[in-house]
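Next come two complexes, and both contain chain A; in the first it sits with chain B, in the second with chain C.
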Partner chain A sequence: MSFPWAKNYEPVNPVMKFMDEKLPLPRLVYNAVGAGYPVPRNLSYFWNFGILAGFCLVLQIVTGVVLAMHYAANSGIAFNSVEHIMRDVNWGWMLRYMHANGASFFFLVIYIHIFRGFFYSSYKAPREMIWLLGVVIFLLTMATAFMGYVLPWGQMSFWGAKVITGLFSAIPLVGEPIQIWLLGGFAPDNAALNRFFSLHFMLPFVILGVVILHIWALHIPGSSNPTGVEVKQESDTVPFHPYYTAKDGFGLGVFLLIYFAFVFFFPNTLGHPDNYIEANPLSTPAHIVPEWYFYPFYAILRAFTFDFIIEAKLWGVLAMFSSILVWFFLPWLDKSPVRSGHYRPMFRKFFWFGLIPCMAVLFYCGGAPAEEPYVMISQIATAYYFLHFLVILPIISSIERPEPLPFSITEAVLGSDDSAVIEPAAKAAE
Partner chain B sequence: MIRLVGILVGLGFTFVVLLTFLVGAYTAATEPAAETAEHAFHLTPKEDVHFSFEGPVGHWDIAQLQRGYKVYKEVCSACHSLKQVAFRNLADLGYSEAQVKAEAAAWRVPGIDPNTGEATTRPGLPTDAFPSPYPNSVAAAAANNNAIPPDLSLMTKARHEGSHYVYSLLTGYQEPSAELAERFPESLPGPGLHHNPYFANLNLAMAPPLTTEGQVTYDDGTVATVDQMSQDVAAFLTWTAEPKLVKRKQTGWPVLGFLLFATILAWFAKKSVWANAKRRED
Partner chain C sequence: MASTGTADAHSEEVGVASEDGVRRRDFIEIAAVSAAGVGGLACLLPLVSQMAPSADVLAESSTELDISALEEGQSIKAVFRKQPVFVRHLTPAEIEAADAVDVGSLRDPQTLQERTEDGHHNILVVMGVCTHLGCVPLGAAEGENKGEFGGYFCPCHGSHYDTAARIRKGPAPKNLEVPTYEFTTDTTIVIG
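So, the complex of A and B:
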């Protein structure tokens, strides 16, 4: 893996030599995120979001494990145990706000990471496997976040669980038995809460495993870059450490500033007030909505309101799941040989003036009440969403004339390739 | 092949969703949705009151919290519990340990008679939570025209703009307007209900709880107008909903300060590491 000019790990310290012989863990780290991993020298700040997503995952696991020490997964006392954490556990309020807002920021980071991938076609060969694993991570994260939102056992927890598991009841014939089987009852209750807690604790470690595969697959071809031109020579790259550790360090600082501003000053802004009311199966909230990060998919679900051959609800469920499943096929739908949107004039227009406004509209409509004009607006946006990925992308990839690409990354950065000079990392770090 | 299938699937979904759009548009054009009374007459909470705990450097007004507690104790607690709040938490409001004990002992909480084992009540201890005046929800519903008075512990977090919501609700009782009576006669308050535009469905089972000046006698000499009592109890309920609110904001500043410093350092570290890498050879 990696490039021939990648630096080799040479332990000096006898302890590290011993370690390298018996268990070359330091070598693994050195080659993965150290000086042994050559990375394109032209990465923009959009390439920070992978590391940030990894950071969020670890943050969620650490805060979550501590919260689980104080939380009680029982429908009779779950709500009160969360309030116990907020009031009586030392720094419990901070842990819980970090965990709740951590989920929101995790999704924010993942969305930027995914849309970076869309714009720069990071899914194209030779990186299809990284992309496929990434979509798997996204689906697992959605499942984990949904089940986590059920745990406080507030009104939105309860009714959200009811609506989302109710989606399965749209499946013909076996739908209702599946829903009852998933919930362990006819409605969300203790059985559902317990299994959601169990899965919410377990899935993050599955995600961690797939993240390791995601990073492993990344290190086979190496990172993509904003030009989309593959690395050709040593001057196209810099060692990950210190160049990108330094850049990621700054990015992490900015991220933490925004994140902690929310944790300490707007901790409930991204949540819903109804979830501070204890779950009550006899009282339906006027306006059931998921967490903000599910709004676009919720808008697609609700866009289908007319029984055409099959039930409208089933259309909505099919469309909602398909809206993410299409991402799996992107490497084969978009056949343009050029990766970066910077050199694809038609693709770029459809990205900035099609996909991005479409997603913004879906976000807005997903959180709005299910009434006109929001339903009609989300129907138009849903139509565009599917057209974009399934019709527009395949067609423009065959009719578009891309702009000329730079010869190499070095040329893109320095203007010409023969003046390529890269200082040794050690010297530069001085 | 995969692209052909993709295009067909994409066109299929587009066709169905546009069809459903046309049906919806036709319905909307032919039978426009009737406006509801809630939509026309519901008001968002008043914004003209400022509470001391608001803003990035907000702090508790201890005197106000004590006044609010008195309003809760003498008015609200007749129907509403605070089951998440214990008497010991009153120490946050500036009461001494002895005062907390005395305060707790003045309340009756459910207990068990040590001799007979029968359910009874006993004086509260600092570790007890503020009790509900009703033995159970059936009794609460029976005593209140079938509307169960909600627990107030988290009320200001369970509503948008919660502190302002509580204040607006308490000061927002009014006669329904003539316009409402004309356009939505079915939304006029029925028997046992009271019109309040700040309440979600405009009709509230709770009778106006704060009606006359001096209903509560403040110990600190503040004039107990309805407006003042409403503000004070809204502040008190903000504290019960989030006793750590001020500590949270106070913790936030050093954390952000440290992070800002670390981020500036990281910026210079990044700059110096990259200083040689991007320079063009002129």
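So, the complex of A and C:
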């Protein structure tokens, strides 16, 4: 679907005409990311991150497929095959650093994309399905990243696999059999490594499929925008090409500069030195932490240290999964009719001074050792996290008095909108 | 069916409903869909079951240990099911320390007698797997930190175990697990 004023695809070249009749793929591209797709004229650089996430996915698939040509998923030689990639394979060091740092940057981009969604309430009607699919993509990406981190078979790989599969052992009665079934043994070993490799190779293509659904669902209502006011007229939009192909291209250039600065100059800064020690089932590293992008959720997992009806360990596991599952309910927890945080004074305060510091604290505590005062700080931050989504957001949306919205995107951009004068009743109503 | 006469002869044709609305074709539809459903479910069995431990992994699930050289106060680390096992020859002082504890005050109440074999109460066999998140505790090798209670100490999240490897302090919910084992001779243990 698109707006009525969208440009129609009219092939001139006979080859393109032939193609359009037999397989209208160029038409699809034209209507999806070409001149045939009108987009709000006021999108900020925060709207670059969807494209950037898509770019990261392709980057990970391309570098991952070639790494798989040299990697051996066998616990006896996996560690050495990674060193073989680093030292012997032509450009192997670069491909591996691109893949490892690509994962970090993928998550950085996704987090900005998600928090953009939080601030501008991108999850609200009519875009609920886009949001739900996005949360599914995030969960799949987390699973893929976790299994990928196990493959080098270093100390962090091994103990990460042990701790994360150990989470399932917290499930009452069936927990331990489930853990053994997941690992194919009593501890991570060759069976686990092989299945993780298989799934790590397959899941990105599942993600790609859900991404296509995500974009399909997006193209029905079209993108939201920083005002949160829906598109009313042609003057509110510009064609995707050349306007946003150019803007996204510029954003991609900036992204690549930062990304390659890490790949070439700080390739191991985001990793852990312990993972350059081969997995040893008989010795645990003193300080086990996941990759940085899982810190906030790891902090929530460890925040539960007291038994209350059920074991502390199970509380931690439930809380960690719930902290993401709660996002599925956001479209119905936040009932405010106004989307953009720019026009919601109370929501805005809780976003900048509540949710953001809370996430920063959880992030910090997730990487810190599990001792006081970090445990207590994690507990307070975890409590706020759930309060924010389950209590504060619903209350705000019912008591808050939003600031006046512009009549249209055009008015927000140009300061006035001629069509606003024609519809004074509509303006008065807002 | 033959006795229903000519009026019903029509309903014998597959696509036509009889008086109660049932067609003969309904049977074959339900049967076909059921067969496909059962077949589909049956296909799941090998797909799920292949993930369970394979025969070679299960074949490694017992370990024989010779402890004749284990002196009082010493420990050894063995491997059982790819996981560490600690075998400690307790000193009289360690046994006394373990027995002195009020069992009722423990998080996971067990006596040293319950955690060791009759006739061998000075040999403590436990899995070297912290019951919190599965790290390997310290204390089995010489010079390692034995924690505040002289047993084992898990460096990951700070769980302290006493000389009977019972949880005393820290986040772990249970005592270090005692695997199934037996003494086949006075100096030989078979775990698993």
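As a convention for this text, the second predicted complex is superposed on the first by the 418 of 430 C-alpha atoms of A that agree within 3 Å, B and C clash if a C-alpha of one lies under 4 Å from a C-alpha of the other, contacts with A are read in each partner's own complex, and residues count from 1 in each chain.
Definition applied: a residue touches a chain if its C-beta (ideal position, glycine included) is under 8 Å from a C-beta of that chain, and two chains touch if they have at least 3 such contacts.
Bear in mind the structure is a predicted one, so any value in this text is a computation, not a measurement.
Asker: With the two complexes superposed on chain A, say which partner A:N268 touches: chain B (first), chain C (second), both, or neither.
Answerer: A:N268 sits against chain B, while chain C stays out of touch.
Asker: In the superposed model, which partner reaches more residues of chain A, chain B or chain C?
Answerer: B
Asker: Using the superposition on chain A described above, determine whether A:W332 touches chain B (first), chain C (second), both, or neither.
Answerer: first
Asker: Go through the superposed model and pick first if A:F186 touches only chain B, second if only chain C, both, or neither.
Answerer: So A:F186 only meets chain C here.
Asker: Does chain B (first) or chain C (second) touch A:L139, or do both, or does neither?
Answerer: In the superposition, A:L139 contacts neither chain B nor chain C.
Asker: In the superposed arrangement, which partner chain does A:A312 touch: chain B (first), chain C (second), both, or neither?
Answerer: Touch status of A:A312: both partners.
Asker: Examine A:L282 and indicate which partner it touches, taking first as chain B and second as chain C; both and neither are also allowed.
Answerer: second
Asker: Look at A:M86 in the shared chain and tell me whether it touches chain B only, chain C only, both, or neither; answer first, second, both or neither.
Answerer: first
Asker: For A:Q379 in the superposed arrangement: first (chain B), second (chain C), both or neither?
Answerer: A:Q379 sits against chain B, while chain C stays out of touch.
Asker: Look at A:E371 in the shared chain and tell me whether it touches chain B only, chain C only, both, or neither; answer first, second, both or neither.
Answerer: both
Asker: Common interface residues of chain A with chain B and chain C?
Answerer: 286, 305, 312, 371
Asker: For the complex, give me every residue of chain A touching chain B.
Answerer: Chain A residues touching chain B: 41, 80, 83, 86-87, 93-94, 97, 238, 242-243, 246-247, 249-250, 252-254, 256-257, 260-261, 263-265, 267-268, 273-274, 276-277, 286, 303-306, 308, 312, 315, 319, 322, 326, 329, 332-333, 335, 371-373, 375-376, 379-380, 382-383, 386-387, 389-391, 394-395, 413-415, 419, 421-423, 427-429.
Asker: Name, in rising order, each residue of chain B that touches chain A in their complex.
Answerer: For chain B paired with chain A, touching residues are 2-3, 6-7, 9-11, 13-14, 16-21, 23-25, 28, 33, 56, 84, 89, 150, 153-154, 157-160, 162, 200, 241-244, 248-249, 251-252, 255-256, 259-260, 262-263, 266-267, 269-270, 272-278, 280-281.
Asker: Using the touch definition up top, name the residues of chain C that touch chain A in the complex.
Answerer: Checking each residue of chain C against chain A gives 51-54, 57, 61, 77, 79, 81-84, 128, 132-136, 154-158, 171, 173.
Asker: Sort out for me which residues of chain A touch chain C in the complex.
Answerer: 159, 162-163, 166, 180-182, 184-187, 189, 191, 195, 281-284, 286-288, 302, 305, 307, 311-313, 370-371
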